[in-house]
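Here come two complexes built around subunit A, the first alongside subunit B, the second alongside subunit C.
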Partner chain A sequence: MAEAVTKKAPSNKATVTLTIDGRSVTVDKGTTVLEAARSLGIHVPTFCWHPKLKSVGSCRMCYVEIEKMPKLQVSCATEAMDGMVVATDSDLVKQGRRAVIEFILMNHPLDCPTCDQGGECQLQDLTFAHAIDDSRFAFQKERFVEDGSVSTFDDVQIGPEIMLNRNRCIQCYKCVRANKEAFGEFDLGAFERGNITEINAAPGRQVDNPFSGNLAEICPVGALTGMDWRYKIRVWLTKTVSSICPFTASGVNTLMYMDETKNRIYRTTSRRNDEIDDGWLSNVSRYAYQVVHADDRLLTPFIRRDGKQVEATWDEALDLIAKRLSDIQDQKGCVCIGGLVSPRLDNATLYGFNKLMRHVIGTNNVDYRTEYRMLPQTPEDHYQAACSQPIRISDVDDSDVIVVFGSDMLKEHPNLYLRIRKAFNFGAARIFILNPYSTKASDVAELEMVYHAGMDEVALGAVCLTAVEKGIVSSDETDRLREAIAFDSASAAALACGLEPDHLELMARAMAEARKVTFLAGEIISRSREREPIAAAICNLNRLFSINTKGQFGILPGHSNSRGAHHLGLAPDPPASIKAKLRSLWGQYPDTETNTTDSMMVQMRKEEIDGLIIMGANPVMLYPDRAFARESLEKLDFLVVSDLFETETTELADVVLPLSSWAEYTGDYVNLEGRVQTASKAIHPIGDSRPGYAIVEAIADRLENTLYTAEDYRRDEIDTMLEVDTACPVPNLYVPSKGGQDEDDAEYPIALMIGDDPHHRGHYTEKSASLTSHVGEAYLELSPDLAAGHEIKEGDSVRIESPVGKVVLPARISEHIRNDIVFVPRNFPSAPVTSLLMRKRRIDRVRISKVVR
Partner chain B sequence: MNVVLRAIGNVFWSMPKGLAVTFKHLFKKPVTLDYPHQKKPMSPRYRGLHYLERYDDGSERCVCCGLCAAACPADCIYMEPEENEKGERRARIYEINMLRCIFCGYCEEACPEEAIFLGREYEFSDYDRDSFIYTKVQMLVTSPRKDNPFKWIIRKVRRVYGVPEPSL
Partner chain C sequence: MLAEESIALIKEKAAKYPERKSAILPALTVAYRQVGHLNDELYSEISEIIRVPAVEIAEAATFYTMFPKHPVGKYLIQVCHNISCALLGADSLIGYLEEKLEIKKGETTSDNLFTLVTVECLGSCCTAPMMQINQDYYENLTRERVDEILEELRTRA
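Now for the complex of A and B:
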């Protein structure tokens, strides 16, 4: 089996002291002169240096003079030594930098007027700062002309969102290095050498990886520019607003460039936060702003009149809502009203929604988890415990063992995915991945273990049993553990879940030996019907390897404000500490029956719930049983849906309210670490839309019950709620972790996994033109062998049938997936893939066949 | 008595003296011009209505870089770029509000493409304010103009080594 990857561990904390421009500074050994200067606030100009990449010293812009060294040194690649005397501003240095710029400009076209980088170009700035207006290189400049191009501009589009102009490239290789070192992608490369060095897409490929937008951002010149920004506006005409990506649970920090007069956002770049994102944005975070300006945003409220939805004013809509809700309340009681809310909304909206439902209406039918199947009415202890563990994103960096379990990191948490890559490339991490299908992170994994779909808890149990049997860890109560796992021996468990015993042993040994372990579980677990036994298995693993004492573990929340929703008590039956706090804030707390999304739907079918308010969620599209969700909602007497767009759910609504997006009001979001971050208002609400908190407050007003007495009450109440400690203790004993299984159905042999495409998240991103230019339609991802077995070729139409539905999708053959499983993205309304799912199943199974015309 | 004498003096001395000045001008070259039939010769540095220049092959010089608008002290230039069918940067909208313009000529100075010039046209009064917002079509010349002596000076000063002017 693969050897442990040995890399330098950053344990050595010796320091050195040097003098820079007459000031003395003490830094850790191994720091570069450049970083030492920066720590003093001395600016040394750079092109090729990037704080998150390895130094290459290719541009020579960062010249400094070091005493006793005969020539100028590149500070980004020179290690700081004790007693060094460095000058960053001497005449010699200035002369050197001038010469470097003159040299860089040798072949540079200086077509700044047509260059999208103009105004934010480091080369422009430095040329100006060094007052260079002349050149001694009086010969024809090297020019890259694309064959057959009629344009005089020499631009080449190398990816759906990336424009390349090779003339402007200064060969800093930041793009290629970031692509390789940070993202692990190889679709961009440097070719040829010397004067004709060129950056270009790898032969026959497009630069379309899920992080490609970063390349345009980090290119110091206008060689790589973004298509979304191309020829739209000059950077000095825009204003920047700090925001948060609402599509990632890590809450990636972003900066939005907007024009006030046009009320328009033009692009998003990173607002580097080393604790969270290291300055990298996934394309989803980068291009999500286009959702705000999509053409089909809802602009006014709609009311259903005579079976048709017609435009209405806010007053009409709110009056109708108040009237119908009070009617239902009077006739059938407040328990006949329910509410579903999206965990992508900000704290004020979520809290207001909670207060509206619980305090004003008085029902416990509230839930924010509209995408999970079969949630039980009372919270599951182990699942809650595993979800509420403290996680720090930056702790991934120096973990020496990272285990990813039941999570396609790239699709669910792109920034954690990059962290894991970083821990591998720059740290000493050994990475183990346990998934029912192979994922993109496998190339940095020491071991990727693919278990049979639906065998999640057995796989973890097998690891535990192996550790005990081989004496890797000593534990009391091994009998209890065996009992909990419901397998007698490791080999039996390994056989059942399809894992190799020596792989299990390797992983168990690594986890036992590690100083710091990070164990991350994701959506595959949360979406599973058997999330509780799996969480119990995670807790058992934690106990056996004491993960929480030497690192961190947990099930990651799925959405940008899932943690916030949990803290603000949006779950039907929130933890006792939250209930107590809410009761003390409101003076009362309803003691009615608690209903989750699932049980609400069941009650709707029984006509026990008649009125429903949905905010920002789209259960018809994303609930894992489309027919069930749709039929349930159709049974309602009165449905209010508030959303950005017309969706499958708004179609059924009696009142549709236009919701403002995250960019249109200031809101706070709690990321997966529990960090509260603010997305500031970038633009005014589009059309007649209103922020979520304003909508719930308006509804409460109409119900003659003001939510807050003063503006700052809202803040105060939310702040008090966020302070409540909701961490559930992890069980101290081994707990039973046997999950139920579906009956086998020979007719439908293939397991179906539904999730997000790497370029999409949820049901909004499909409205972003830049994201759909990467992936614009659903597909069926299947293994080469499976495809060969059904005579399917790339792009062929394939019929996917489950006992309840049928969808036809084009095939996409991927090396990354096993033979007994297929993957379908759920982000495209045109492909109703959730209609294949049955909510009561653990693993959905389908059969596929080629469509013959 | 005095009064009578002064009246006589006015009639027979001051009036003819004044009229003499008047009649003298009958024989002098007039200072006024018969505008609009006649026009005053202009300083070569006169700054009138803007025009947008073309390359010799007829393509537009302006690439909508925004520098003229950035230089404009009256903030009267508005533009929006676009990509033309050849994939080149051009102005989709280029407007100057001539009522706000102070004809300082900074735009001409700022322009890196020698695209905008202040011409000699000054007769552009109109009946409503809207018509003073000059669009790109109104300002773009039909064929390259050569009449501005400054153009050639600017081009001489420009340091382009061995690089042919794009699309010339």
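Now for the complex of A and C:
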């Protein structure tokens, strides 16, 4: 648990006025001369300055001349003052900068022709700009040499994806600073000093943190380069295309570097958007492009013939789909057909899918939440409300209290995780974390409160009750609160959750006194069978503390277009405002029964649903009950699955359609804030694959019901849908807690948490070589005590058994996890961990044992 | 391995600082005094005690040439080779020491008595050339002075 940290109050905004190159500018007090110049569009060269890091003034490249100051000043570390007169381009400044470059080049090898940074090296560019072709440092350059080699190629791989060349390093320290300040990682350091200063991995470690790819991107020279891009292509031979990360709900902005002649993407870098990502990419966002070029992409349609899937043409596949769907409709009606779609697909695909299912086929069996268990058929009012609240990522920055509830932020929303670190390091935020297991964000938390798995709404209810009992907030709802959590007092509830009553009080006071609160809940909540009571507890907390009037709250969506899926009406029973829009666009809206992923599966088993179309989703792998999902789909008469790859789900299909990835067509995505962003087409579709929207339109055509009579209509209809304000009203009901009400099976004493590894997200990412070079297989994360109790050592094979399944995984011992819980990532098809889960369970339980060879 | 007393001493020193990082140098000093040099294992031990990431401890330790990072002889001879000392003959003095001790700079004599290293300015430019042996400064050096000093240390050993 992190200890309390005292924070400075934010400074009040006074301004200063100064003159730069003869132009007057007024900036906030505390702004540097460099930033003041930039605000005028005056470019001052820099090496060590980074907009998102604290200034250190180590390179001296940003020299400016300031009247009345005797020497040149480093503009990045000089605060702008009233009345300053600054020159950024005087002869003295130019002379100073030339001297800096000459000095930096003292030890820098001039191996530009063979350096991978060539063409995008700031040192190369600034040397060129300052016309420096001579040096007074005539002596031998200081050299790092590996293994006695005399080459300047002192290349050392310091992490799965990072190559280091110490000779080229110019000691700007941006890499080490970003790693520590922005990412909170300590696997890289700057050692020694003077001529032999050296950047390197921390003793005995690898640079393999989930943000490590940024280090190569921000290195101004070729000292740190990315393994994925090295020596593959020169940067000036590539074209850049702006894109969006398809794996993060924040919709991190990216640039893809591609070669048109080869139809290939070579790397991804940030396309800095301060409102979303501050220019940082998690490794998942950075290396996702490799999924596109994985060598086992589906290249053609397949049709099942005599029990085997064989290659087919699109015409054959589409004809078969049309025929079989019409047959099912003729025999049993449209309610016998369903559709599941991935919330990672773009708006046109999602909307088209919805229109195909509801308007053309006429069914309400539509869902995009294929990873959540036991979604009820009745609308979840509180959950819907908490999921549709307005959230601004950048509002995290100046929040003075941030609460994270039921979310492993690093794994679910890496860029929000960085924002929270930033609010702590650069702002005045006090951070509280309330989770069933300890997470990586705990080091910036004033308090991390770990409650017993399955007690989510009781824990949050106890916070509310504490606030009321202690008079921190006034409310006449005390009894109802007590009733909802089924405890007489806050302290009794807290203790039942394994929490300290004092801690809850501290958090309650912080929230009550705060100027601006950000309250974020995540996937641990959404994946719970008891989403609705938990969401009700969140809504109560919001009301008691007026969070939405002085800040923001919500349950964050899990995927890159979950929010779009909600707006476009892909939920089985969308909110009334959305249904009304759809009805007016289509002239009708089906009045058939609505079914969720779970209830569709139940119906498949009863043979009440016979045909299913799945696009981009892999329920067999990710639905939290593998056997149930597989058996349900096996009952279908006709299954169409469209995906990038052969998956556990495509295996069962009668028709498999190759789907194009996000990089192969232009698509719009709605991020967790509701912001619509575009990922542009970078390359042509791989093989015979087609974009999702084209596939649903083709199916509709074959069913003799064209989706859009004119090309523009698609966009118009989507625009109409996105105009709707779909934030659901926050209900103020109490939903009785179901905390801890699962049967406690003595045979299976350990709670099992399943989620993403920090280097993976759902399925697909295991196809990225750079991501699997970080983490390439599943593991069992457990506490040192639990491990010792079973005589398990790091790396040992452990058998994990639940009442329904068994998997064997290597052990990973972590100080951060409690003794009564284990964690397993769900991202690896080779480790079918969802086979351990039962859909009806609130908390899955397992037992573990060491595999003795 | 840090001894019980060293661990206690580090804890005592660390308690004085509001910033945990401030305890890095005092802790390194304790470790150095006990072990005679520093290494990666000591950094991680210290890291656990003062709860500062090991890399930050390694960074501080390697920044300071005053901490040897390998086992050294009984007498650690640190000769300044910066500008003032260099102008007054540090290089030839280093050569002379190498000759007398029959080792190269960075090495230790076979009797484990002397280790010879060069360091940056020790702030004693006005008495250049100079060297530091363990905790003591030896200034205004000449070859004769060096002979005397080595002789004296040998007898003391």
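The definition used in the following text is that the second predicted complex is superposed on the first by the 828 of 853 C-alpha atoms of A that agree within 3 Å, B and C clash if a C-alpha of one lies under 4 Å from a C-alpha of the other, contacts with A are read in each partner's own complex, and residues count from 1 in each chain.
By definition in this document, a residue touches a chain if its C-beta (ideal position, glycine included) is under 8 Å from a C-beta of that chain, and two chains touch if they have at least 3 such contacts.
Computed from a prediction, not measured in an experiment: that's the story for all the values here.
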For A:G194, decide between first (touching subunit B), second (touching subunit C), both and neither. second
Determine, for the superposed model, which of the two partners subunit B and subunit C contacts more residues of subunit A. B
Which partner does A:P70 reach: the first (subunit B), the second (subunit C), both, or neither? neither
Could you say whether A:G22 touches subunit B, subunit C, both of them, or neither, answering first, second, both or neither? neither
On subunit A, which stretch or stretches are contacted by subunit B in one complex as well as by subunit C in the other? none
What does subunit C use to touch subunit A in their complex? 40, 43-44, 53-56, 58-59, 62-63, 120
For subunit A, which residues count as touching subunit C in their complex? 186-194, 202-205
Which residues of subunit A touch subunit B in their complex? 109, 111-114, 118, 133-135, 137-141, 149-153, 155, 230-234, 236-237
Contact set on subunit B toward subunit A in their complex: 63-67, 70, 80-83, 86-89, 112-113, 159, 161-163, 166-167
